[in-house]
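A, B, C, D and E are the chain letters, set down in written order, and residue numbers restart from 1 in every chain.
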Amino acid sequence: MIEQTIFYILAAVALAGTLLAITEKHPVHAIMYLVTSLFSMAVIFYLLMAPLVAVFEVILYAGAIMVLFLFVIMMLDLGHPEKGISPHWKEWLPALLLSGISITSLAAIIVSRHATVSVCPAAQPIREVARRLFQEHGMAVELVSLQLLFALVGALYLGKAPSPPTTLPEKEVVKSPGEGVTL
Amino acid sequence: MTAFSLDITLFAIKLALVFFVILTLAAYLVFAERRILAWVQDRKGPNRVGPFGLLQPLADLIKLLTKEDVIPGAADRWLFYLAPAMAAIPAILIFSVIPFGAPLTIFGRNLPLVVADLNVGLLFFLSLSSIAVYGVAIGGWASNSKYALLGGIRGLAQLISYELSMGLSLVPIVMLSRSFNMADIVAAQATIPFIVYQPLAFIIFMLSITAECKRIPFDLPEAEGELVAGFHTEYSGMRFGLFFVGEYINIIVLGGLAATFFLGGWHGPLLPPTVWFSFKTLAVAFFFIWMRGTLPRLRYDQLMHLGWKVLTPLALVNILITGWWLALK
Amino acid sequence: MIVPLEQILILAGLLFFIGMGGLLAWRANLIMMLVCIEIMLNAVMLVFVAGSAQWGDPDGQLFAIFIMALTSAEVSLALAMVVYLHRRRKTVNTDLFSEMRG
Amino acid sequence: MQLLSDIQVIFGGFRVTLAHMLRKPVTIQYPEQKRVPYPRFRARIVLTRDPDGGERCVACYLCSAACPVDCISMQSAEREDGRRYAAWFRINFSRCIFCGLCAEACPTLAIQMTPDYEICTRDIMDLVYEKEDLLIDGCGKDASYNFYRHAGIGVTQTRGEGLEETPPVDVRALMP
Amino acid sequence: MKLYLALILLLPLSGGLFNALLGRLLPRRLGEVVACGVIWGAFACSVLAFISFNAPEQVEYASWLSDFDFKAPIALYLDQLSLSLTMMITFVCGLIHLYSVGYMKDDASPSRYFALLNIFVFAMLTLILAANLPLLYLGWEGVGFCSYALIGFWYTEEKNATAGRKAFIVTRIGDTALGIAMVWMFQLFSTTSITELNGMGFLMPTGVITALGILLLIGAAGKSAQLPLSVWLPDAMAGPTPVSAQIHAATMVTAGVYLLIRMFPLIGSSPTTLAAIAIIGAATAFYAATCACVQRDFKRILAYSTISQIGYMMLGVGAGALTASTFHLLTHAFFKALLFLGAGCVITALHHQQDIFSMGGLKKQLPAVYWPFLAGVLCLAGFPGSGGFFSKDDILGAVFDQGGTLYGTLFAVGLLTALLTAFYTFRMLFVVFHGEASTPLNHQTLTPDTRSAGRVEPIMTITLIPLALLGLFGGFLNLPKYLVSHGLLSTFVASIPGFSALEHASDATGISLQIIAATTSLLGLGLAWSRYTGRRRAESLQLEDAGLHFTRFFLNGWYLDHLYNLLFIHPFTWLSRFLWKKIDESTIDGTLNGLARITMRLGEIPAGWSNGRVATSLIALAGGTAALLGYAVWSLM
């Protein structure tokens, strides 16, 4: 009963956070709202007996991915709503229309189905999750790690500072090795 | 009194005690740092307020509370208010998963000396320490000042870089203890602390947590020689105090974690467990202060080089070696 | 299960289509578009985890973890591209990057 | 090789700081425990008197001119016998930087610096010292020096009476 | 046993990783100590394994590849064969590592060198100890990679890098055959375990076994530098001399022989395969011996002699004399390592001079090198009583015992080769060490800091001594039957399937064969003696220096490289050009261009939609989603 109440509160927070995030003009504020939403999602995951996903949601999503967004916004100085182009109200119309249709249809489909039996399975221990991950989906792990490697190489290549013009005196163009962005 | 309400009462007492001890310790750590740094520099340090200067933290607190609360005109108000809290709160929360003593038995109730015995305690710590980045980044950004912004960006890059080596250095611990649970990790070190098996991981962990709590030689985000005070340049009064005390809570908490992961937690001969735990924690904190008195600050590229090209590969090699060793055993 | 599966699915659907709406509306700002994609991916993860909890099978959690790993790869590459594009044109408006039209 | 020496150097640093930690601090607990300055310490400025008890200052303005922060001011006057003195003499210690240039400049050794360094006050106007605050009843560092005894011809003594002064020679008596 | 085996593999690997990761940061001496220490540690472990060994044993550590019914765990198999080879490899490589410390004293990147050397040993040991083919293949490729990197170690010179690439590419041809054989075997027997495969040979018709055997033979020929894939080995001399010693003596080239011996129970049931192996072996032995007779590069002579000796081993395998082959493999490892290391000493002393005609009279100047080198020469030449004599004679005896026209011919070829071997070996010895120092050695003595012929690090000469002793007295490992009833090695390996299959002829035949062999060897010695010592020395040297027409043929290895150029490379370039110009550019491109024009016309119709704006695609995506869901709801109602 308590858990149910907590779930509804969290769902409300997640929805509110997400809505505010996409309507906010200011990117940094939007990211803060989204992080709030992600936190409540993490707790929902925890309630759904997936502590590992919950913790990774915080470590990876809130702790790494969103921080990366923040980093890029801060570094490129994009946090000026007056300079950035925020959508005109007319641009919201097709978005609202299409999302509305989709949401209504989806809700109709879900509700029209008979309610599935709500069993209460035991929580899966982390050991079991890990065993599944590395023994049965080992190939997928390898593929994901390869993809991460490619992303790393790609990001390194894209982020590399363009070679400085040769007219500068030599002392000024010495860049720290292996670092794309000089801070 | 029913068993349930007794449990609740005991829990509340435990919580209050932990809060009180942590905050007091943090305040006194500031004092200890000032005294020890003074000794390193052949000075005496603050010794005026109260006997041996012991009331100095109180005086500092009163000073900070009564200061004018200045908010820069161009600051982003809400984020500016939010940032100090985001720096301090995760640090305190981490302590909730650290077992600081052997389980007690009071009124026939079993009372584990840890606030929340999560089965993913180690990951909980990692997640909270990754949240702590926001305090620095938002604080630096919301101030709308170039020094603060630079400090914030530096802090961001530094923290997410060292997070990686910190997490990787803990993997051998999980491999050895076969659990994410802090209590299990401590129990696995009942006879021999993990530092004996994992000296390399310990070194990596120590370096990484030094960078995580932004202390010398990794204090680039607040490098006062270059950036005035880095990300908290524009803060004053109690907001600054929150940043400040957050940093020292962080030291205590990370010291406790180092003790838990590598130094055998509350295990130790003769003395009661909690005393052993605080001794180890304070020893790590002392080492932090000693390091601040000794080492110069790194350059930014050296910092990144150390994190990505030295510590992270070393931690990976360490994991491999541990795996081999376990497979052979 | 704390609540029936349908309610979680509806929550996930709402999140997903809010993300989609945002994606359509914010088409001028690359950063916000990426943020909206993150929202959509999160909704998908919620569905996976809910399924995992419903049927007591850890595979759903595993897929959620895979999504996270892939997302981190995608975001790192995408943000590197944002930095690159910003360096070239000083803007993150996607409509201005249309040299590759057929 | 590089690595080992680096590690050695870092541990050397830790050793040094530990050694200093255990060393006795050099701090002096100031208000309770006063520091004894050296006799030639350059602190508060005084005006001294000659061995006969008269003022040494002849109000020549050299100190005022030498002062880099312009904290010395005075008004010269002349007694009936032609001896000069300062009608008033003022040093603003809130500006003084204790550089000692005034004492260097003084030809009569009137202005001198003392080791008295505790000149704190709550009211800044208290730091403006007048002549009566500055003048002391003593000769200061060169006790036997009396400017007019050397140079006061026509004022305090006639020609030939000064110290280290040979009596005047009558040139006409030098005729062969 | 599990621990010993793991340590045998992990020690060299960890040493290699240590040197690769930290070597540059730490003192040079530490890296050297670690590199040598891990190999000697592995040797100690293999000795311990030998002591506690009582029966063949398979240990499994972890699963490596496993999918459906394909399983290739990290499992090691230790029997008498792999055990004796492991001991030999760790011992010889340990000596080579020690020697390298002296040889690479002045090199700029010792950590890279030692890391590769350690990993080389690790790969070879993996190959030897692997219990299944995929793991063996891992070691096989590891050996190939390390040899590539080490041959081209001084890669700043174009020549060396090319030699490394050549070795890599030529051995790849063999590796491909091995890979095909491996996959095929899995398809046939659905297992990759070597012991299981060896017991399943009878399940398949002889034709399949023959085909498998030929594929394995190609693989072995690639790695062991047999005809026709032998061209890489002489060029592989570009690497540092200890590397050559390691490739030739202990590690790489014996891998092919080992593979054939290991798979013998499977492929031995096909006489065609055996004949092919024997023919290839004998032909290679003869071919390389002829080439070696006229070479003038010190290391190339040794390289050709290696090809020749490996040919002997192949011949032995072809004759079914596995014990003799293994025996020759072991003794060869000792004396070939000795010869290479000795040659390395000479080359170092002469400041990297490799032309033997510029040497001479070194006997007095480098006695510490001369005497061990002499021991090696005696072994290689099959001088009566030396280790090489017994092992080579074992093989020849086994070939003779097979009888028949084919093996009779092969025996004759083997005998002729033995004569040539003795000749070129003593030619090398006499030219380099005997004669007068007045032969063009003068330009080396110009450097003022060297008294006569330069200094050799003591560690380099010391390592020669154990090898010389082992080479000389290696014969005691397996004395012929008429001396002792059972040789040590024969008894030791007798229980391995395939090893004891052969019944030797009578003692009288054995003794007479020995006498023939001894005579041959002495004859070669006599020839060389008459030609390269005394009065005729100067004359012969002058003659060869000028270069005779027929020697040029041998000098270039029968123009094998040119043959390849003519047979493969020219047709290939011609075909490529033809395909490029005629087929690709005119035919295919023409068609495609036409198609493309049509498509372009068609494509212009909906092109308005793809205006390159992301937003358009997104709208289309969302619209599609909405339409799909809407349709689903509509069909629901």
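The rule is short, and it goes like this: a contact is a pair of C-beta atoms (placed from the backbone, for glycine too) under 8 Å apart; a residue touches a chain by one contact, two chains touch by 3 or more.
Given the structure is predicted, the values throughout are model-derived calculations rather than measurements.
Annotation: omitting chain A yields no split, and the remaining chains form one piece by touching. Listed here as common contacts of chain D and chain E: B. A count of contacting C-beta pairs for A-B and for B-E identifies A-B as the more extensively joined pair.
Note: the chain lying farthest from chain A is D, by mean C-alpha position. Using the average of C-alpha coordinates as each chain's centre, D ends up farthest from chain C. Averaged C-alpha coordinates give centres for chain B and chain D that are 56 Å from one another.
Inter-chain centre distance (chain A to chain E, centres taken as mean C-alpha positions): 54 Å. Averaged C-alpha coordinates put the centre of chain B at 33 Å from the centre of chain C.
Listed for chain E are residues 619, 622, 625, each touching two or more other chains. For chain B, no residue reaches two or more other chains under the stated contact definition. Each of the following residues of chain C touches two or more other chains: 20, 23-24, 27.
A complete list of chain pairs in contact reads A-B, A-C, A-E, B-D, B-E, C-E, D-E. Contact residues of chain A toward chain E in the complex are 94-95, 98-99, 101-102, 104-106, 108-109, 112, 139. On the side of chain E, the complex with chain B involves touching residues 3, 6, 10, 14, 17, 21, 61-62.
Interface residues of chain B facing chain A in the complex, by the touch rule stated above, are 76, 78-79, 82, 118-120, 123-124, 126-128, 130-131, 133-134, 137-138, 140-141, 149-150, 152-154, 156-157, 160, 163, 180, 299-301, 304-305, 308-309. For chain B in complex with chain D, the residues that touch the partner chain are 36, 38-44, 290-291, 293-295.
For chain D in complex with chain E, the touching residues are 1-4.
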